[in-house]
Amino acid sequence: MNIAILGTGFIARFYADALQSQRRKDVVRVAYSRNEARAKKFADDYHLPYYFTDINEAVSHPETDVVVIALPNNLHEEAVLACVKAKKHVLCTKPLGRTAAEAKRMLEAVENAGVFGGYLEDLCYTPKFLKSCESIRAGSIGRILWAKSRETHPGPHSEWFWDKAQSGGGAIIDLGCHCVEISRNFIGKNTRPIEVMCWADTQVHPIEAEDHAIGLVKYADGAIGQFEVSWAFRGGMDLRDEVMGTEGTIWLNGFLRTGFEMFSTGKGGYVAEKSETDSGWLFPVGDEVHDLGYSNMFTDMFDAIEANRQPRESFYDGYIVNCILDAAYLSVKTRAWEPVKIDDWRGNDIAATTSHFINYDNEHYLIKEEILPDGKKILILKHQQTGEVTRKQS
Amino acid sequence: MNIAILGTGFIARFYADALQSQRRKDVVRVAYSRNEARAKKFADDYHLPYYFTDINEAVSHPETDVVVIALPNNLHEEAVLACVKAKKHVLCTKPLGRTAAEAKRMLEAVENAGVFGGYLEDLCYTPKFLKSCESIRAGSIGRILWAKSRETHPGPHSEWFWDKAQSGGGAIIDLGCHCVEISRNFIGKNTRPIEVMCWADTQVHPIEAEDHAIGLVKYADGAIGQFEVSWAFRGGMDLRDEVMGTEGTIWLNGFLRTGFEMFSTGKGGYVAEKSETDSGWLFPVGDEVHDLGYSNMFTDMFDAIEANRQPRESFYDGYIVNCILDAAYLSVKTRAWEPVKIDDWRGNDIAATTSHFINYDNEHYLIKEEILPDGKKILILKHQQTGEVTRKQS
Amino acid sequence: MNIAILGTGFIARFYADALQSQRRKDVVRVAYSRNEARAKKFADDYHLPYYFTDINEAVSHPETDVVVIALPNNLHEEAVLACVKAKKHVLCTKPLGRTAAEAKRMLEAVENAGVFGGYLEDLCYTPKFLKSCESIRAGSIGRILWAKSRETHPGPHSEWFWDKAQSGGGAIIDLGCHCVEISRNFIGKNTRPIEVMCWADTQVHPIEAEDHAIGLVKYADGAIGQFEVSWAFRGGMDLRDEVMGTEGTIWLNGFLRTGFEMFSTGKGGYVAEKSETDSGWLFPVGDEVHDLGYSNMFTDMFDAIEANRQPRESFYDGYIVNCILDAAYLSVKTRAWEPVKIDDWRGNDIAATTSHFINYDNEHYLIKEEILPDGKKILILKHQQTGEVTRKQS
Amino acid sequence: MNIAILGTGFIARFYADALQSQRRKDVVRVAYSRNEARAKKFADDYHLPYYFTDINEAVSHPETDVVVIALPNNLHEEAVLACVKAKKHVLCTKPLGRTAAEAKRMLEAVENAGVFGGYLEDLCYTPKFLKSCESIRAGSIGRILWAKSRETHPGPHSEWFWDKAQSGGGAIIDLGCHCVEISRNFIGKNTRPIEVMCWADTQVHPIEAEDHAIGLVKYADGAIGQFEVSWAFRGGMDLRDEVMGTEGTIWLNGFLRTGFEMFSTGKGGYVAEKSETDSGWLFPVGDEVHDLGYSNMFTDMFDAIEANRQPRESFYDGYIVNCILDAAYLSVKTRAWEPVKIDDWRGNDIAATTSHFINYDNEHYLIKEEILPDGKKILILKHQQTGEVTRKQS
């Protein structure tokens, strides 16, 4: 397939690098930027035959089969509408919208037009993440109780992120969108997110938006999603997920501790991205394009278009993420749990958690089995009527 | 000094092990249990000359200089009062009380009697923790923004923990007391804890109390303490602290990843405490008594008694922890931020965070310095009046 | 390009998986096995249009542009000669030969025929390894002093490995070929390997060949390569490299500690390859095909064929590895350092290490600068004539 | 007991710190240095009542019960003889001698005099090491195949180390003595070390002695000890042990990766010992005195004196280490395996490894059980007469 990329910044380059790696058969042909010099430079750097400063020309070009949107948040909707108008498939970077309302309009636009709407949520395509999800679905860690995702770093590099009007917010909209969708995948996408409690503050940077936030998302089955996001972290980019299940635990480290450790006096210059330093102990990532999920993401997107199926991450997922983030922002203001408002819920509507208690006999629940240091096993039991807790030799 | 230990369970044995290790000059002489057989066995195991089933006999014994309370939570107050009556120094296990009211009565009792009141918060004495605090005080990571402490495991071994009447609660009172005091040390004990937001649930075990909770504690200088506690974690005992400061980060792992890794087919039997298994990959701790802080804790306590000074962790600290936990439990019910009520605040009363913004020139704040891949440095600036965000070549 | 794969075992499947991933434009079309059922199954599994049990038919098929040899060690030479006869490009799995003599014949065959000879040394293409080499070339860790590579696991899965006649040896030929080439890349391929000292033993398995070996390879510039290989390791597949340079250190972990950690009670079945267990703490790899280097390896090979250039790993490299391994096997027997015999050396012929000593002044070398705990700096010096060691305040 | 410390340098301070920590009942009373100012300063710093510049005065002082030798290597023998003359118990730092001959004279002197001879091998007393040894003795990892110990750093701080006449050698004698004794403990002290192969070179520093060495020590039961030592490592002090057994693996990290990780911009000054830097990612150790084994070491020594038993590490162990290191130095010169000459062997004299092969049936050995990805189990067998390797469905 032939691809047009809208935007020429940091993320556009990541996308182009991914698309041009490993002898892929799909080809980037068209670049677009509002700024001609940047459009030209991007086309030159990646050897693309065409570049434009008119978005409609780029999108409607005969060699454009699929459009990749890599623009600031405030320009997503306009770009999606241009694709819809030209009846081209569209893959949009994260977050889909700045608000759920914006995201919903984009979702409806692609669905009404019958074009493909892929949500470029790369961190839901990292190799570790995909294998974790598969393993969780196979039952390896049991029922999910808690799924935390953390993304923190010292702050973005492009100025538009810091301007709330363009970005729609701070660390929550920028990084929280990743974390929310990661937790949602772990817990199960058919499980409804019910309510959100969020703390946020502007602790360090002179900006309107938040540079640090922590949020809890409660799901219909009692599971808890947690996001930890910051633009005030020192030490590089901290990218970690943790999941607790009734039968196990998963810990993923996506960036700072991946088995690549290096000490340097600094004579070699740049060695590790976002590391804040080129000397001392450094922790590079082997292959960012692959390890951050870009390769698997585009493979899924193009495979899905060809197979006429939904991708793992669709515009609908982007919309749900925005619904959750809207609730988070509201909770920061009201300082209370806020319901997640989803006008168009397509998953299950299961009720609150049913009892998972284990009966020991007709009268007792089993609280815990314990092996004592001397090898003996004891049981801690609770009487179902009286509530009395007792110990029993096993 | 001569020591009496009240209680003969798991924690009493940890205390006795610590006190009898490394050729210490202070000597345990007296044991007490409500159960005579247990009292006798404890005295035999540790070669103690005296044991009692009457708490007043144990406390008032002429060879008792200092009393160590290692009893269930609901028996702390009675034991403290017995010590006060006998005018003996008292060291009480954590949590001090089940509620702030209970803790306050104990605090006032020791202060009025003029006896020493040490709070046995071992995790605030681990070697890693002490060195971290010292380094933070020296400025190594700047102003503290966030201090998280996590303690999770599959649940306690003694039945009284599971009975809310005796314990006063679940994972929050049992584990949260550690985490709250750890965060408080990182942030600074003179900084007032203002309010708490807490989620808790009973996700797995058939009990009245919570078996999983996550709480945020906001401090007067804008710093956030976070606790993550659970009795539903699988994989051993997860003991980790993370601190973010404006100039750095600290990550401490207290148990599962300390540089001791072992694979075994299981032929050797027991090798790692709380590991849930004796085969596969195991992560033992080298020396629990020392690494969990017991050695340094008792050294500080006896040094403090001799020097007639306060220990690092006193009854007052135990009381503050209970004030914070009271707010956490209330927040679980009200589903909102709850103020921390401290009748007797002895720290600073600083106002909310003052501005930490960095001026770039008379008109602009500096948002961020960025080094581009080509080595050029750019500055992202914000106009102080208009709020406009701009980029500038450095 | 169209590809024929010779062999249908474990490694052939890895190759096919890599070649069919990520929407690559090069296509596997032809399968070959000595066993028809296996050839058919392989073709079915990977949707290949052709399969053969006659190697010449497979190689000379009109839709075969490039041949991938994935056969047991004793069949490499015959397969290479078949490719040469058919004038097809050939990519051969590791080790190239069982001996240097065998490897040299294959090298000469492809060179005389003018076909491409790629050496499928996947572990020299892992993302971490490529980034490390790049960084070392940029000077990040200075002059290389020591480069160790370790590959150990509980032993191979196919029976032919255990039969010395087919394999040519044990852990040295099977795993040492990786480690030797990894060290050689770190130290520099133009630097001549001079001599080898190797210990090997059959410690566990009832076989003729060695199941554990440790070897040292001395290079012309004084650097030392080290390999640690075993078929008797318990705990999975241990894949680690360590490099010491005058200005830094690199540690790579390729398998067991890559930031993916999982505890499971085992309810989900299989979760981690070669882990020896499905319960307890497990350490899966996110994407073996990519993380073990297969993706980058094939990309380099096909790019090199198109660009008519040498790949990073060529038949010549395979030949040099065999020369080093021949010396290692001889050293095991003679129990002494054995010279590496290379009839066809194409790199530099630099002399032994020249002096790297640092002059402090006309009379003294600088041994070391030391910063004392009080912040003072001292210098440790050595007199160039007398050899006297002295300390000097800096 | 009352203690005299001979020497006032780096290691003497470590010893004094350990002896004065944790309210120990044994007391340092006497200091000795050849230099009066240093003796006085040491006595002042540690509040000791007596200090001397005459070794015999220090040793024979009435308040000296036990002498701790913390002097350069070339002064050990003289100091031991002074203790023997005064009939005082003696604890000597590592290495015991510069050669086996020197060590043997010291061993015989204490044994003939009937005084206690403790060998201060702290790294054989670290909490992780002690727990590992205990677990290995219980069978957790089966029969030991290989035990490697590594100690590398950028070089010692005191000038006498760099002068071969005083130190007796370079990294081998300084660091190898630790590593050899660590491996020996893992493998079993009653198992005879047979022969040594060692490479050494002076790669970086302008000294006569070696600054980098790697050695293999073969034991009578077929196990291999390995030491890796260097004064040319960059990145701090790398202290790691690895053990392979037939049933498992142990990995210990003693310094750089112990679960204490810190990023700092450097505003706080000194935070981690031997880290080469105060900014970037730092890896401090919680409590060096305890974690490096000093606490347990002195506890064992004084307990042993009181109980009139041998300590874990005695002068005899120091002598065996010197025998092994003598063979290592000889091997560096002869470039071949050299026998370990032990005039006074007190362990077992077991013959070479007996067969450990597992019989599958009367005709076959079992090479390996393999679980295939489809869950089927296969067996790889070897015919005991023909040597043929076959596969069998299990």
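Each chain gets a letter, A, B, C and D, in the order it is written, and its residues are counted from 1.
In this text, a contact is a pair of C-beta atoms (placed from the backbone, for glycine too) under 8 Å apart; a residue touches a chain by one contact, two chains touch by 3 or more.
Source: prediction; values computed, not measured.
Think of each touching pair as a link: the shortest run of links from chain A to chain D has 1 of them. Homomeric contact chain B/chain C is classed as same-residue, with over half of its interface positions used by both copies. Greatest Cα centroid separation from chain A: this falls to D. In this assembly, the C-alpha centroid of chain A lies 36 Å from the C-alpha centroid of chain C. A separation of 49 Å divides the Cα centre of chain B from that of chain C. Centre-to-centre spacing of chain A and chain B amounts to 33 Å, using the average Cα coordinate of each chain.
Within chain B, contacts with two or more other chains are made by residues 141-142, 234-235, 247-249, 263, 265.
Per the touch definition, chain B reaches chain D in the complex via residues 21-26, 126-132, 135-136, 138-142, 247-254, 257-269, 271, 284-287, 290-291, 295-296, 298-299, 302-303. By the touch rule above, chain C contacts chain B in their complex via residues 234-236, 263, 265, 276-277, 279-283.
Chain C makes touch with chain D in their complex at residues 141-142, 145-146, 152, 154-155, 157, 159-160, 162-163, 197, 199, 201, 203-208, 212, 214, 216, 218, 222, 224, 226, 230, 232-235, 238, 244-249, 270, 335-337, 353, 356-358, 365-368, 370, 372-373, 375, 380, 382, 387-391.
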